[in-house]
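Below are two complexes that have subunit A in common, paired first with subunit B and then with subunit C.
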Partner chain A sequence: MKPVNLGGTQFQQNVNKTSIICIGVGIVLAIAGMAMNQASILPAYLVGAMYVIGISVTALFFSALQFLVRAGWSASIRRIPEMLGWFAQFALIILLPILIFRNSFYHGIENIPSKAPYTNTPFFIARVIGYCLFWFWMHRYIIGNSIKQDSMPGDYAPTLKNYKRSAPFVLGYALTITFAAFDLMMALEPHWFSTIFGLYYFAGNFVSTISVITLLFISVYNSGELKGFISKEHMHDLGKLMFAFTIFWTYIHFSQYFLIWYSNLPEETFYYIDRTKNGWEILGWASLFIHFIVPFILLLRQDVKRNFTIVKAAAIIILIAHFIDLSWIIIPGYREHGIEHFDIIALMSAGGMVLFFMGLLLFFTAKRMNSISGIAHNDPFLQESIDLIS
Partner chain B sequence: MSDSKNIAVLGNFKDPNKIMHAANKVRESGYTDFDIYTPYPIHGLDKAMGVKRSILPYISFAGAMFGLSNAVFLMWWTGAVDYKLNIGGKPFFSVQFGIPIMFELTVLLTGLATFVALWALCGLPKWYSDLQDDAGFKSAVDDTFVLSIFATDQRFSLETTTKFMNEIGADDVRLIEA
Partner chain C sequence: MSVENVTQTGQGSSQEHLTSASYQNNPYPVPDSQREPLVLGNPSIHDVTEKIAGIIEGKANAKYWVAVLICASIAGIGFAAIGETVTTGIGVWGSNNTIGWAWDITNFVFWIGIGHAGTLISAILYLFRQKWRTAINRSAEAMTIFAVLCAGIFPVIHTGRPWFAYWLTPYPNQMQLWVNFRSPLVWDVFAVTTYLTVSALFWFIGLVPDLATIRNYVKGKTAKSLYTFFSFGWTGSMRAWHHYEIAYLILAGLSTPLVISVHTIVSMDFATSVLPGWHTTIFPPYFVAGAIFSGFAMVMTLLVIAREILGLKDYITLKHLENMNKIILATGMMVGYAYSMEFFIAWYSGNEYERTVFINRAFGEYWWAYWSMLSCNVLSPQIYWFKKARRNIPLMFVISIFVNIGMWFERFTIISTSLHHDFLPSSWSYYTPTMVEVGIFVGTIGLFLTLFLLFSKYLPVIAISEIKGIMPGSQPVHHHDEEHHH
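Right after this comes the complex of A and B.
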């Protein structure tokens, strides 16, 4: 089949426009919030960085996962996560301020001698650089091979390479995203520990990535650029994944909360106590409702997964919920450093940073449309994906 | 065999695309009481046949709600009303520790309700079918796609239905009697 160039299309213009709006509104909100409350600079930056890195890196994982399980259904939509994943290469640039001002971001992290062999600054910097290099490499390898397949009709060597290597890459993704969650978010509470924390971060990321993919899918479907390649059946499958992984997020979060609540040990419970007082409980309840109950009810029926309005609404709600969830983890971590009570200004700065970074992500996604085909047009499963009936 | 009764007209197809085509034709010509037997599930066949959405999800949902409310009642009544026990200073009833039981009972009752309702909706268990002795019908578990139009259909008549079957490309069109 022939390549489809999305450069210069209505779809690219829409994504571009959205990205400019996100960047503009984000900068205004973030600067206003940070000017009103300077203590919100660090948490806001961290929320934004964790949000966008999680989504772009998980987009790489999504693509690798399709190769790992030899998925047929996704061949015609796989370019959406692959374009999103381009931004994962810049993870190190986004994390650079955190590496430089580490002691401002993570207060008291080095005051615990027994944890120093792991938490000391040189090792921390080496680890974070390691994660970023791995993500860079993952993009080069998995997405690189996927694109190389475009110019090799009939010769499936690049796809076969991906089949072979996607399993170790997914394993590496699991380890890097877990330890990134430990090093960059759990480190805000140096005395606290939770082994499921990395999985919790992944669960939120995965459902948000599916939501972003779904929103881009609806946009490209409505503009008609990929007519003949994508159908409502693909949206049905994306809706199913969204539905399943909101439940997965709830399951993982409850697993963390429940064990801490039940064992009732002071060394663990303070994490939730600090997050359920001084007004922070608002965010906890909000994330329960809009990260689980609302999407669950919205997406429960079979026919609504084919309804553009409802799926779009659910995707946007999940993206907001993921922001609230990350804010709930991160912002109360600065309670002894300027943000004691629930702070709408800090939330505004964080929301601004998230919008700004998501705008950048969309901007680079739109830019990527100029250089690669909008369809994996030599993928061995493409015909199967076009004929999909879910 | 004067008291024998017409049950159905059967026709065999050798190809999933042909049975799909035939299903569309049968639906368009107005037959409602017909069925198709295939060796494996064929995506989209239900749409071609015009099969309506099953009410099974609603029965599952009712089972889920029944399980959930039972779990809440069970936890509350045993823990906080009938036999209060202080275990490690935990409250007598609380949503937190109830969630695993609520989840389990919801899943259990959903599963049981779905299972029982599925059997009932499919008319199972069924010890005898008028079609079961037909050799062509038996091959539907191997490599044949079998279309059957039942005599209970209002539009059914032996001649026209047989003719129609031949027109849409069925092989070995035959009448089943009982």
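Right after this comes the complex of A and C.
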């Protein structure tokens, strides 16, 4: 089977155009917001970084997961996450300012002697570099083998390698994303702790990644570039995953909130108290509403998962919700450093940074289309995927 | 039948709406190891009926009845121990002021957890279109129901006066007494009874077409009239199948949140408290993963034996067992993740009580329970990283027993270690079960096995209609070389 080159296609141009718009609008919003309220620089940067790193790394996980479970349905759409995952290699560059200005980003985390063996700066820097190197390696290995398969028709050695090694990579992903959540977000509240926090970050990332994949899928479907390979059936399956994992996110979020609320221990409750006063409750309610209720109602029925408009709307809403959710976690963490009350300017800066970084992600995704095939055209399960009935 | 053809059939692939301009068929077949046939020996549709219905129609040998007798006797021991508890009082148990519940709640959680695999296989794998579930879903669902029945015994007898157990349900009464709606124990009552009801319904709906097959097959008069009654006049018409499929899908959709809610609420029995070691936010998903883990181990224990004795090796193949072992490894890693998070965050929190409880868990008086849990649940499944191990039947039997033991110890560890060192050192205590308690637990194992044995003789152990549905030739398929008809 021949490769499909998406370079120079209408689809690539659309992605490019979107990326330029996102970058442009993002820069304007972020700079304007940061100029109006300088205290918003740090939280906005952190929101943007956590957003884009989460999605691009989880795209790698998505691909690895398909190999791990020998998924047949996804072979013809797997290149979408694999192109998104290219950006995960730049995680260290994005996190570099956070490593350099750690003390400004995370106030007081180092001043707790009982935690110092873990939270001291050298170990922190080593860990974060470790995560980034792992993600770099994961991309090289999993996506590398997937691409290698393109040039080896009939010889499944690269795919079989991925079958064999995807499990340890998924395990590594679970650990790195967990500790990244602890080190880069939970550390904003030096005294707070929650065992589910890593899973919480993962849940938001996973549903958002599926949403980005779905949006790109709809775009490439409409452009007709992958005609004969992809069908509405794939969107139906993506829709099911979106539906399932918005509920999963809600379940994880509920587990954390409810147990803390019910037990009412001051050493934990302050986290939610600070996020449900001074206007921050707006974000909490908004994330409940658009991260759960709206997508749930939108995607519940069977037939709507085959309706492009509704699935697209749900995907966009989930991506906005993920932004609101991360902002809710991160921005109030700076309440003692310039952002005391709910601050629409800070939200604007953060939104600008998210748009900017997502624009970069799309830009590199479009660029990637020049160098790799738009279809994993030698994948053993490609025919199965083409024949999919959802 | 080549592997390639089975692969094609397994997908149920007949697409008019999808015509690939440049791509017709994969010139390179899928690697053999990746899509193994789900039914071996190339049986015909009729052979399947003969095989499964034959188990019911055939006469059970003496060994079977001896096994039933032994299991029922063990169950009898349990009932005797329950009798002792009820007539004498809860004082015959080893619980004390500090450790107010230990054995009973451990066993309750243990049995409830066992049930979860059945629903995962029957509902969640159904929603994920996992066709390999068809050979094992029936027995796993039966197991769910039996396990939930065993689980239900413990909270009821722990009330001390089980004849008042109906007080657990809220109903209007002249004393204006209501259950405490804020207590997770009451949520348990709602969750578990709903779960039992829906699981039984789901199981029964799935049974109806098969019961009709049995109805047509058996010769005895009583048997025929019983199977006729319970197959509800199933005709197998297009219309009947249509309704059936819709009902099945809806029940699968309802069972999925239900099964998660059950173990979520069980976890909240502990996590809503303020006790170090109990109160931690990861408990709900951690308990759900653990429940599925333990349930799969139990399914494995039973099926390894059942496929041998009932001669079902062509239906419950090595492929099925391997898949189950992969799930055991995956869920085992999930509980391992949860153990590590608990331990790490207990340290990271800087909270003295948290740290002490976890160090005490690993190195205190109950160290043996903790390390049994860890080695059985986290270490033993690691062997499943190797394909050879995943397909080694004696080994998987042993590991499944280990996991059963480990998951029992997990609950015991969580419950006892967090309780026995109270905040007040003068009330520190130690718990050892009495013979009566051991008897009740052993009795539930006997009850569980008795019910399973009866099930495997009198009901179709494999979903006949579903297994036929995934066999080659049963779906509209374009074969690109030759036609296969049965």
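Simple rule for what comes next: the second predicted complex is superposed on the first by the 390 of 390 C-alpha atoms of A that agree within 3 Å, B and C clash if a C-alpha of one lies under 4 Å from a C-alpha of the other, contacts with A are read in each partner's own complex, and residues count from 1 in each chain.
By our rule, contacts are C-beta pairs under 8 Å (C-beta built on N, C-alpha and C of every residue); 3 or more make two chains touch, one makes a residue touch a chain.
All values derive from a computational prediction rather than experimental measurement.
Superposition note: with subunit A as the common reference, subunit B and subunit C are in steric clash. Within the superposed three-chain model, A:267 lies in touch with subunit C and out of touch with subunit B [touch as defined at top]. For subunit A, the partner that touches more of its residues is C, with subunit B and subunit C as the two candidates. Legend: residue contacts after superposition of the two complexes on their common chain; A:389 is shown touching both subunit B and subunit C. When both complexes are overlaid on chain A, the residue A:380 reaches subunit C alone and has no touch with subunit B.
In the superposition on chain A, subunit A positions 262, 264, 389 are in contact with subunit B in one complex as well as with subunit C in the other. Residues of subunit A touching subunit C in their complex: 1-2, 70, 72, 112, 114-115, 118, 153-154, 156, 159-160, 163, 167, 171, 174, 178, 182, 191, 193-199, 227-229, 231, 240, 247, 251-252, 255-256, 259-260, 262-265, 267, 378, 380-384, 386-389.
The residues of subunit B lying in touch with subunit A in their complex are 43-44, 53, 57, 88, 96-97, 99-100. Of all residues in subunit A, those touching subunit B in their complex are 254, 257-258, 261-262, 264, 301-302, 389. By the touch criterion given at the top, residues 7-8, 11-13, 15, 17-23, 25-31, 34-35, 127, 257, 260, 264, 268, 271-274, 279-285, 333, 337-338, 341-342, 345, 347-351, 385 of subunit C touch subunit A in their complex.
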